[in-house]
C-alpha cells in the first residue's frame, strides 16, 4: 500500500470564537492512528516513518464562518439507508443550537436539487421542521441517483451564497462532493463541502462503520430467521436470502454471524464455483434436512457471461445472483430426482427503509454534530467518519480512491467460516 | 344460499365424567347464531325457519374417551402460518393437564407422516417437549403439501390405535380430514378427527378469523411502510407490495386499512382493467410525487392468457401478478417518456415464518384447548373456529364446501375504498 | 338485567344527500343482536319480547349537516392509550375527504380546552396536519383529567358555532359528553355529540373491545416475558407484574392467555385471600424453582384497611397492590427462612404510550370513520363501538350506566384458570 | 496512571497442533495499542517507554489441552444481561466443533453450582442442547449472587477433573475467577480460568463495550419514548426514567444520545445539586410544557444521608434516586402552587431480560469463540474483551483493579451536554 495522505484541507484561518459553551474543544492536531497494532507502529517509528493517522473531529475553539451571516445547504443522494433523516436532524440541531446559524436549506431530490432546470424548490430547515424526523425511515429531502453538472451546481451555491454544503451520500456522491470542492477552489470561493458517508453496504474506505449498517444487520436477521423457519418447515428445504452488498460482503458476513442459522455465506470478495456449492449442499442433505444460504448481491458475478450494463449513475447493473442460484439449485436436484424446496427471500427494500435503531441513532447524531463542527471550522473536501471509537475527518479524495472490502484472510471472514462451518467453495 | 347444515357429528354417547375441575362446562346444545342481524332473524322466525347456528365449543361434562387409555396424534400440513406451534402446544397441554392423556404423537411432514413408505418417525409429545414452542415460527412437526392415500392413512391410525387425530391445515388438509373421517366411519372405527383450520389468507368458510392472520397483517404493515418510504424517497416513486391471498384478498384489504399509506388495493374478488390502473396512476402523479400499490397474489389472474398449471397438492399455480404489474407500469410510463421508479416487495416468506403475536397466541391457545375438548367429547369430522367472539364447532364438510371471500358490496371493501380513495378500476 | 334501551337519539331529519361516492350506505334501521345465542333469542321471540339490538354504524345516504358550513371539534381526555392519534386522524380524514368539511378544530388538554380561562388555543386540523399522526403514541391534542363546567363548555361550542363535537375518552369523559348533549338539548341547539370510547382497561359496557387494548396486551406480553426470564434466572425466583385494570381484569386475563408463562393471575372481579396465595406459592416451590404472578391494579383492594381517596376526576385512588404483594410475599418466606427472589415490574406507562399496532390501527380507522358518519347523520349522545364484528352506535347513557367486568363464571376466566392451572385462591 | 501490566498468564507450553482447518491463526505476540492517539504514542516511544498494548485473541496454531481428554465447565453469575445464553452457546459450539471437546458441563446457579452442599446438579452441554439458546433471554444455567468458598470450588474442579472453567459474570465474578486461578496455581493444578465479562452497565475496565449493552440501549429507548409521550400528553408533564448504572452512567448517557428526547441526563460520575435541577426545570417550564429526565441508578447518592447497606455479594445497596427525585420535584412544584404531572418509569427488569439484538449476538458469538480459543491455548486468569475492533485478552487482575467510568471531561459526556442542552447542575 502506498503511503496514505490523510491531511485535511481548510478554507483558511479560523479566527472567530466558537459560541459553544460547556464543551471540551478538540485540538486541531489531535490524531488517531490508522493502524493500532503495536508491532507495526514500533516498526514504522524505528524506520523513521510517521505512522498514518486521522485528524480527530469535534468542536473547534476557533471557527471560520460567522454564524449570523452564514447560509448552509444539505443534500441527500443515492439509495435509501436507515438514519439519513437522523443525520439531517443532527446537522440542523447543531448548526442552530450550537452555533446560532439560522439559514439552513434542504436541496431536494439529490444533486438535481442544485440544478435550476429541475425546478425542485429548496426547503427551509429549522428545529421545528426536523423535530420528529428521526422516527421516520427514508429521507425527507428525497433523493436521486447520478451526477449532475458541477459548474451548474457551483453556480447555484454561489448564487444562493451558501457557505457550507453538506452532502449525504455514497461513493458517487462523495466524488461529486470532491468535484464541487475543486470547482469551488478553482473559482476562489469560500464554500466548505462536508461529506457524510452513506453506504448501507459499509464499503467506503476509512469509514470503519457507516450509519445504517447495524440497523440493516438487525433487519437482515429477521429475513434469515424466516429463511431458516421456512427451510425447516419442509422436506429438503432451502432458505435462500439475497442481501445488499455490491462490491463488499459486509452485510452478508455480519448477518451470518448475527443469526448462527446460516450454512453457506457467499460474498463478492470470495469467488465460488457453482459445482462446489451444489456438491456441498448435497453433502449437507445427507446429514440434515434443510439448509440456509445467504448471498451478497455482488457475489458470483463471474458466473454470468459478461455483458455488463450501467445505470444512470454509472453504477454497474448486477446480474441477479439470487434467482440464478435458485434456478441452478433447483435444476441440479431435479435432474438427480431429489428435488429440493427452495424459498427465496429478497428483503432489500424492507431493510433500507426502516428508521435507524438505537446504535445508528447515536452514530447519526454524532456524525451530524461533527459534520457541523467541521464545516463551521472551515474544513472542506472532508468527510466525517469514525475510527476505533473516535470521530475523525478524512479527505474525500482518499476515501473515494478505492472500495473497502472484506479481507478473505482476515478475522471477519475467518469468523464467518468458523460459524458456518462451510467448506472452501 | 341454500339452508346450511351445521349439525355436528359424534362417535357416540359420551358417558365418562370429565376430570376437569373448577370449570364451567358447556352445554352441548348451546348455539350461536350464524347471522346476528336482528331483522333477518325476526324474519326467519316469523316464517317458521330455524335460524342457522353453530354449536358452541368448550369442555363437556361427559367425555367419550378414557384418558388413561387414549392415544392421540397431531399432524400439520401445507404452507407455514404464524401460530402452528402454539396450537400444537395448546393441544398437548390440554390433553395432558386437563385430561391426563399421556400418549400424544406428532406425525412429521404432513400427511406423509401417516404413510409408512416415507419412513418419517413419529415424535412423542409432552409438556416438556412443547414448553417453549410458542416462541418459534414454523412447525416443529414440519409439513408437506398434497393429499395422501386415505386407506393407507387410516390403516396407520388403526395400527397405532389412535383415538383422536388433530389435523392442522388449510382447505386441502380439511378435505383430507373429512375423507379420513369418512373412511373411519366406513370401517366402523372409533377415531375422532378434529380440524384446526390454518389459512393465513383467512379464506375458510365459517371461520371468522383464522390464526396467524393478525400477525400477518402486522408484518405486512412493515413491508408497506417500506414501500411507502421507498416511493417517497425517489421522484415519481411507486412502492408495489404483493401480499398473500390466492382466492381472497383479506390480507391485502386489512393491511391497507392498517397502514393508511396505500393508494391502490387490488384483490382477487374485484377485477380491474390494467388500462384503468395505469390511467389512475397517471392522474395521481399529476397531484403527488409517489404512489403505493398493494396487490393480493390472486388478483388480476384474468389478465394473463390462460394456461393454468397445478402443483402437487392440486392447487392452481398462480401467475406472478407482482412482476406483471411492475413490468406493465414501467413499460407504460417509459413509452410516455415519463419513467417511474418502482420498488417491488414480496414479503410473503418473511410474514409466514414469524412467531404468533399476542392476539394470535390467545387465539391459538383457545383453538387448541377447544380442539382437545371436542376430541375428548367424541365429536368428529368437525373443526374448531370462532364466530362473533364465541369458539364454535363446524362440520368440516360445510366448511370446505366453498371459499370465504370478500364481498365487493360489503363493509370491508367499502372501508378500503373509503380509506384509499381509489376510483373504480 | 333490566330491559336495555339501545335506541339512539338524533338532532332531526337528515335531508341532505351524502356526497360520498362508491359506497354502500347503511340502512338506519339495520341492527345487530346484543345476544347472539340462538336459544335465548328464540325464547325471547316466543315470549313476544323484542330482542335487544344495536343500530349498525356506517355512512347514511342522507346527512343532517351541510358540510360546506359545518364547524366541528375534537377533544381527547383522560389517560393515554395507544391509538388516540389514529382516531383523530381518521375523523379528520373522513370529515375532510368523505364529506368536504373544512373546519375542524382540536381542543387542547381535554375538557379544559373548552373552558376560556385555561386559555388553551384551538388547533386547526386538516389532512396535512394529521398525515403521520398514526405513527406516534400519545395524543397530539394533549389531555387532562377531570370534569369541567358543562354550561361553560356549551357556551364555547355555541360561541364557536360548532356542529359536531367528538369526544375521545373513557367513562368520565362519556359522562361529560352526555351532560353536554343534555345541556345542548335543553338550549334547543343543533350540536351533535359523538363519543369514541377510550379505555385501555376495556371496561366500557357495550363496547366489545376498545381501541388500544390489543396493543396493550402485546406490550404486556413483553413485560411478562421479562418477569418469566427473571424468575427463572434466580433461585426461588418470582416475577411479579402489575398491569392496568382498575375495575376490570381484562388486560391481566388476556395477557395471561397470550403468554402461557403465568402461574397466578389476580383480577379485581375475583377476590383472593393472601393466605391462600402464599400457600399456593409455597406449594409451587415444592415442584418448581420459579413462579410468575400477574395482578390487575384493582385486584385485592379489599385487603387494605379502607381509607379511600379520590383524584381530581373523582376517580378512586387505588392502593398499590403490586408493592403490597411484593412485601407480603417477601415477609412470609423470610419468616419461614426460605427467602424468595422477587422482581417486580410495573410497565404501565410504557404500555400506554406506544403507537397502535396493526389491529388497533384498523379499529381506530373505522371507529373514526364511523364517528364522522354518525355525526354527519345528525345522531347525538351516542358512541361508536363494535359488536360481534359490526360497528355499532350505542346511546351514551346506556354505556355509562355500569362498568363492563369479567364474569367469574364465564369463558374468559375459565380459560385463564385452564391456562394457569391456578387453584381457587 | 501507573504503568499498566497487560501481560497474560499461561499454564505452560502449548505443544499440540490445533485441529482447526481453514483458519488464520493469530500470532501469540500480536498486540493492539491501549491508546491509539498518535501524539501520545510518539511521545512514549521518544521517551523509550513501551506503549501499553493488549494481546490479540483468536485461535492459536498450538494448543495446550488435548481435546479428546479435556473436561470443561461453564458458570454464569450475577444479574441478568442480554446475551448470556449466546455466550454459553458460542463456547459450546467452539469447543465442540472447532476442537472436538466432548465434555462440557454447566454449573447451575452461579458459583453455588461449584459448592457440593447446594446440591445443584451439573448439566451436560452439547450442540443439541444449546441449539436455540440465543433466542432466549436470561441464562439457561440460572444464576446467583455473591462469592463462595474458593477452596471448596477448586476442590470441585479438581474432583471433576475440569481443565477449563469459563466464568460469565461481572466485577465480583471476575474477582472470584481470579481467586480460583490463584488457588489453582498454588496447588500446581493445570486448570485454565477464562472470564467473559458481563456487565450491562458497561463498567469493567479495559472492556470497551460489554455484551448486552447495545441491547440495553435499544430497550431503554422504548422506555424513554414512553416517558416523552407521557410528558407530552399532560400539562406540565415530566417523564422520569431510571436506568441501570450503579457506578457508571454509560446506559443513561448512550440512551440519551439514542433518543434525543431527553432534557436532563443525570449520572453517577457528575454530581448535581437538587436545587439546580429544580431551578432548571422551572426555567424549562417557562418555555415548554413538558420535560424528560433520565437518571442512572447510582446518580445523586450523595444527596442521601449516609447509612450504607450492602447485599449478599458485598455490593452496596443503592438509595432509590428515582423515587427520591419524583418526590422532591412534586414537593417543590406543589409548594409553589404550580403542580407538575410526573410519570416515573423503571424499566430495568424488562431491559435485562430480553434476548440479545443483532449487534450483541455477533459480539457474544465472537467473545465465546475467543474464550474457547484462549482456554484451549492454555491461557489463564484472563478475560476476553474487545478493543478498537479487535478481540483481546486482558489479565483479570488488571480488569478488576478499578471501575470504568465516564470521563466528565471527555467526548461522550460532551456529546450528552450538546444533545440535551442541559446547563451545569
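As written, the chains take the letters A, B, C and D, and residue 1 is the first residue of each chain.
Just so it is clear, a residue touches a chain if its C-beta (ideal position, glycine included) is under 8 Å from a C-beta of that chain, and two chains touch if they have at least 3 such contacts.
Note that the structure is a prediction, hence the values are computed from the model and not measured.
Q: Among the chains, which has its CA centre at the largest distance from chain B's?
A: Most remote chain from chain B, centroid-wise, comes out as D.
Q: Of the pairs A-C and A-B, which shows more C-beta pairs in contact?
A: By the number of C-beta pairs in contact, the winner is A-B.
Q: So how far apart, in whole Å, are chain A and chain B when each is placed at the average of its C-alpha atoms?
A: 42
Q: Hey, how far is the Cα centre of chain B from the one of chain C, in Å?
A: Taking the average C-alpha coordinate of chain B and of chain C, the gap between them is 29 Å.
Q: Measuring centre to centre with CA averages, how many angstrom lie between chain A and chain C?
A: Each chain's C-alpha centroid was found; their separation is 45 Å.
Q: Please output the residue numbers of chain A that touch at least 2 other chains, ranges allowed.
A: Correct list: 136.
Q: Please give the residue numbers of chain A that touch chain B in the complex, ascending.
A: Residues 80, 109, 112, 136-139, 142-144, 222-223, 225-227, 229-230, 232-235, 239, 289, 343-347, 349-350, 352-354.
Q: Using the touch definition up top, name the residues of chain B that touch chain D in the complex.
A: By the definition above, chain B touches chain D via 132, 135-136.
Q: Give every residue of chain B touching chain C within the complex, in rising order.
A: Against chain C, the touching part of chain B is residues 20, 22-24, 29-33, 36-39, 41-42, 45, 51, 53, 58-59, 89, 93-94, 97-98, 134, 208, 214, 217-218, 220-221, 254-255, 257-260, 357-359, 361-362, 365-366, 369, 388-391, 409-411, 414-415, 417-419, 421, 423-424.
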